[in-house]
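Okay, so chain A shows up in both of these, paired with chain B first and chain C after.
Here is the complex of A and B:
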C-alpha cells in the first residue's frame, strides 16, 4: 500500500516536470509515432503486391504488430529509467542516492521516471488494434478480456526483467547500456509471425530471449484460439521465471556494488 | 603545399583522439553493432517470406538477391556515413564550453570532423570488409558467378565519402537547431526516422509511388544513402552515375554554405556566462 501511495507521488512529481517541458514530450511522442507510421507504410507497400504473407493476411499482420506494442509501450511508460542505470547512474556514482532512501532500490529507480513519450507508441497500438480487430473473425469468450490483461502484465514483465538483468550487470562493470541495447533490439523480431524465421532464430526468440511470447504467440492465440496452453501459459511462465531471475541478479549485484563516486 | 601540411598537422591529434576513444570503447561499439544489424536480418526474413508468398521471382523489379544486397549495403552505408560529432555543438553552447573551442587556433567544425574521422576509421576497419565479403559470398552462392564489380565498388566508395561529408554538414546544421529546440532525444528521433525513410533506408525509393520517388531522388536525403547503394548494385548507367554524383556534390556545397551561415549568425548572438 505504501508503495502505491508513493507511486502516485512520483507520477504527480513527474507530471509537474512534464508541464514545464511540454515541447519535449510532444517531440518525443511525435518521433515514436513517426517511426511506427513509416513501418506501416513499408507493410502497406508489401501487401500492395501480395495477398498474404505466408498465410497471414494484412489485417492479421497489423493485429500482431499492434499487439506487440502493448507490452513494449507499458514497459517503456513505466520502467524507462532502467536504461539510465546502465548508461549513467552507476558510472557517475549517482546510485548512492538510492541506497540512502528507506525504500526498495529497484522500485525507486523504476518509479523515479515515467516516460510519457511512450504515448506516441500507445496511440499507434490502439489505432492498429481498433482498425484490425473489427475486420478479423476472432473467437470471443467471457475469459478473453481477463486473458488480455494477464498477457499484458506478464509480457511487460518479460521486457522489464530483461532490462533489470542487463542493467544489473553494471553493478559489476559500471556500465552496461550497450548490453541492454543489444538484447532489447531483439524485440523487433516479435513484430512478425515466427514462422518467417529460420529454426535458429525461432529457438532463440522462444526459449532464450523469449520476446516471441510478448507478441506473436499470444496474438496468434487470440486470432485463432489454437494452442492456449503454450501461447498463454508460455507467456506467464516466461514472465515469472525471468522476473524471479532478474530480482535475484539485481540483489546479487547490489551486494557487489561499489560506488564509483568521489 | 606547406599550408596543406600545416592543416593536417593541426588536426592529426584530433583524429588520434578519435581513434583512441573508439579503441577504448570497442566492446560498446560491437554490442551496439550487433543490436543494430539485427534489424537488417529481420528485414531479410521478411523479404524472404514476401518472395515465398508472391511466387514471383521479382518484386517491383528487384530479385531476392538484389534485395539482400540492398539491405546489407544500405545498412553498411548508413553506419559509415552516420555523423553525430557536431551533435555536441548544442550541448557545448548550453554548457558554455564552446568558448574553449572558439579560442583555440583551429577551426571549430574541423576539429569535430577530424575526431569523427578517427572514430570512423576504427569502426570501418571492424565492419566494412566483413560485410562486403559476406554480401559477395551470398551473391556468389545464389548466382553461381562472381557479381563483384571493382569499378562500381570504387565509385561506391567515392560516393559514400561524399555522402559522409553531406551527412556531417547536415548534422552541423541540425546541431544548432537542436540547441534551439532543446530536446535532443525527441528531435533526433524525428530527424533519424525521417532521414532513414527519405534516403531509402526502409524501402528502396523505386518501390514508392513514382511521383514521390522522383521528388525524393532529387532531395539531399537520396544523396546520403540511396545513390551510393544503387551505384554499388550496378543499377545506374555511367551517365546516370555522373549526374547522381554531381547532385551529391551540389548538396554538399549547399549544406556546407548553410552550416557556415548558421554558425556566423549564431556566433553573433552567442553569449557565454561565467567560466
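Here is the complex of A and C:
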C-alpha cells in the first residue's frame, strides 16, 4: 500500500517535471507521434505485399504484432529508469542515494521515472488490436479477459526482469547498458510467428530469452484456443522464474556495489 | 556514555585492473587483465559516543569517504563490522537508514528538475514523516538554514551554497539520530560556511544528534569538533581530543613582534642564539613584523621574548595559539609520526 501511494507521488513529480520543460515535452510528443505514424505506414506496406505467412493471415499477424506491444509498452512506461542503471547511475556512483533511503532500492530506481514516451507505442498497440480483432474469429469465454490481464502482467515481468538482470550486471562491471540494449533488441523477433525462424532462433526466444512468451505464444492461444497450458502457463512460468532470478541477481549485486570516488 | 557508532577492524579492498597507457594497453587489459587488490581502508576501529561531533580527517584519497560509505551501508566491508544506533547497516539497511541522515557534499540528493520544496514533499513520503511533524520540522529547518528565499526555485538554479543548505535540510527532515556529513563545506564562501557550521552545532545541541564530519577545512574541525579521527593511506593515525593532538605534537607557538624599525630584523638570529635548527625555531619578516615560530619543548616562550626585547626595539607583541593546521600539515607530510 505504501509503495502504491509513493508511486502516485513519483508519477506526479514526473509530470511536474514534464511541465517544467514544456517545449521539450511538446517536441517529444510530436516526434513520437510521427515515429508511430511511420511505423504503421511501414507495416502497411510490408503486409500489403505479404497476404499470408506460414499459415497466418495478414489480420492474424497484425494481431500478434499489436499483442507484442502490450507488455513492451507497460514495461517501457513504468521501468524505463532501469536503462539508466546500466548506463550511468552505477558508473557515476549515483546509486549511493538509493542505498541511503528506507525503501527498496529496485523499487526506488524504477519508480523515479515514468516514461510517457511509451504512450506512442500504446497508441499503435491499441490501433492494431482494434483494427485486427473485429475481423478475426477468436474464441471468447468468460475467462478470456482475466487471462489477458494475467498474460499482460507476466509478459511485462519477462521484459522487466531481463532489464533488471542486465542492469544488475553493472554492479560488477560498472556499465552494462549495451548488454541490456543487445538483449532487449531481440524482442523484435517476438513480433512475428516463431515458426518463420530457424530452429536456433526459435529455441533462443522460447527458452533462453523467452520473448516469444510475451507475444507470439499467448497471442496464438487467444487466436486459436490451442495449447493453453504451454502458451499461457509458459508465460506465467517464464515471468515468475525470470523475476525471481532478477531479484536474486540484483540482491547479490548490491553487496558488490563499489560506488565511485568523491 | 553510550556508543552511537562502533566501527571494528573495518577493511575495504577494491579489485583494480591495471592498464598500460593508450589504446593498446586498454585492449590488452580487456583480454589479459592484470588485477591488483587495492586496500582503501585497512583495519580501522573507533567509537563515537552519543551526541558527539566527530571530525574525520585525512588527505585526499586517505579512505575517508570509503569509511563513511561503509558506515552508511552503501559499501560492504571486506572485513570487520560496524554497528550504529544498535544496527548493522549491511544487515538491516532499510530500518537502519530510517534513522540516519547522509550528505555527500559533492553530490546532491535533491530532485534536480523540480522546485526545492517538491524534494521535501517526496522525502516526507519516503521517510513517512507525519504531517504535523513535517510542518514543524520545515519551520525549524527554514529558520536554521534559511531556505525560504529559494524554496520555490528549481534545484538546478540554486547556487552551490544554497544547494548545500538544501541538501543538509533534506538529510535532517526525518530527524535522524546520526548525521553523516562528507565534506559539507566544500567550495563554499565564508558566510555560507559559517551558516552551515552554526546549523550543525544547533542541531547537535538541541537534538543530541551524533555527527560524523569529514572536511578539508580545519576551521570546521576547530569550531565544531572536540575529537578527531585522522586517517592516512587507509589507516588510523590519530584518534583523540584536539587538545591531545596539540599536546602530542609539541606545542608549536608563534610570536609576533612589531618592530619599531623593520630592518632591525636582521639583528635577530634565533638559531645561533639558542643553537637550534630551522625546524625548531624559525623567524620571518613581514614588513615591520617579525614572526617567530618555535617548539616550546626546545625553548621557552620567556627566553624567546627576553632575547628579542634585549636585541631590538619592540612596539607590540602578540602570542598566537597552537595552530592545528600546522600539526596536520606536518602529519600529512609525514614529518611527525605517532
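Rule of thumb we're sticking to: the second predicted complex is superposed on the first by the 234 of 262 C-alpha atoms of A that agree within 3 Å, B and C clash if a C-alpha of one lies under 4 Å from a C-alpha of the other, contacts with A are read in each partner's own complex, and residues count from 1 in each chain.
Going forward, contacts are C-beta pairs under 8 Å (C-beta built on N, C-alpha and C of every residue); 3 or more make two chains touch, one makes a residue touch a chain.
Given the structure is predicted, the values throughout are model-derived calculations rather than measurements.
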Kindly classify A:30 by the partners it touches after superposition: chain B alone (first), chain C alone (second), both, or neither? first
For A:99, decide between first (touching chain B), second (touching chain C), both and neither. second
First (chain B), second (chain C), both or neither: which does A:149 touch? neither
If you stack the two complexes on chain A, which partner ends up touching A:2: first (chain B), second (chain C), both, or neither? second
Please tell me which partner, chain B or chain C, touches more residues of chain A. B
Considering only the touch criterion stated at the top, classify A:196 as touching first (chain B), second (chain C), both, or neither. first
Is A:19 touching anything from chain B or chain C once the two structures are fitted on A? First, second, both or neither. neither
So which positions on chain A get touched by both chain B and chain C? 21
For the complex, give me every residue of chain C touching chain A. 14, 65, 69, 72-76, 90, 93-95, 97-98, 100, 102, 104, 106-107, 109, 111, 113-114, 118, 121-122, 125-128, 154, 182-183
What does chain A use to touch chain C in their complex? 2, 5-6, 9-10, 13, 16-17, 20-21, 93-94, 96-97, 99-104, 255-259, 261-262
Of all residues in chain B, those that touch chain A in their complex: 27-28, 31-32, 34-36, 38-39, 41-42, 45-46, 48-50, 52-54, 59-60, 181-183, 185-190, 193-194, 196-197, 202-203, 207-208
Using the touch definition up top, name the residues of chain A that touch chain B in the complex. 21, 23-32, 34-35, 38-39, 41-42, 45-46, 49-54, 117, 175, 177-179, 181-186, 188-189, 191-192, 196-198, 201
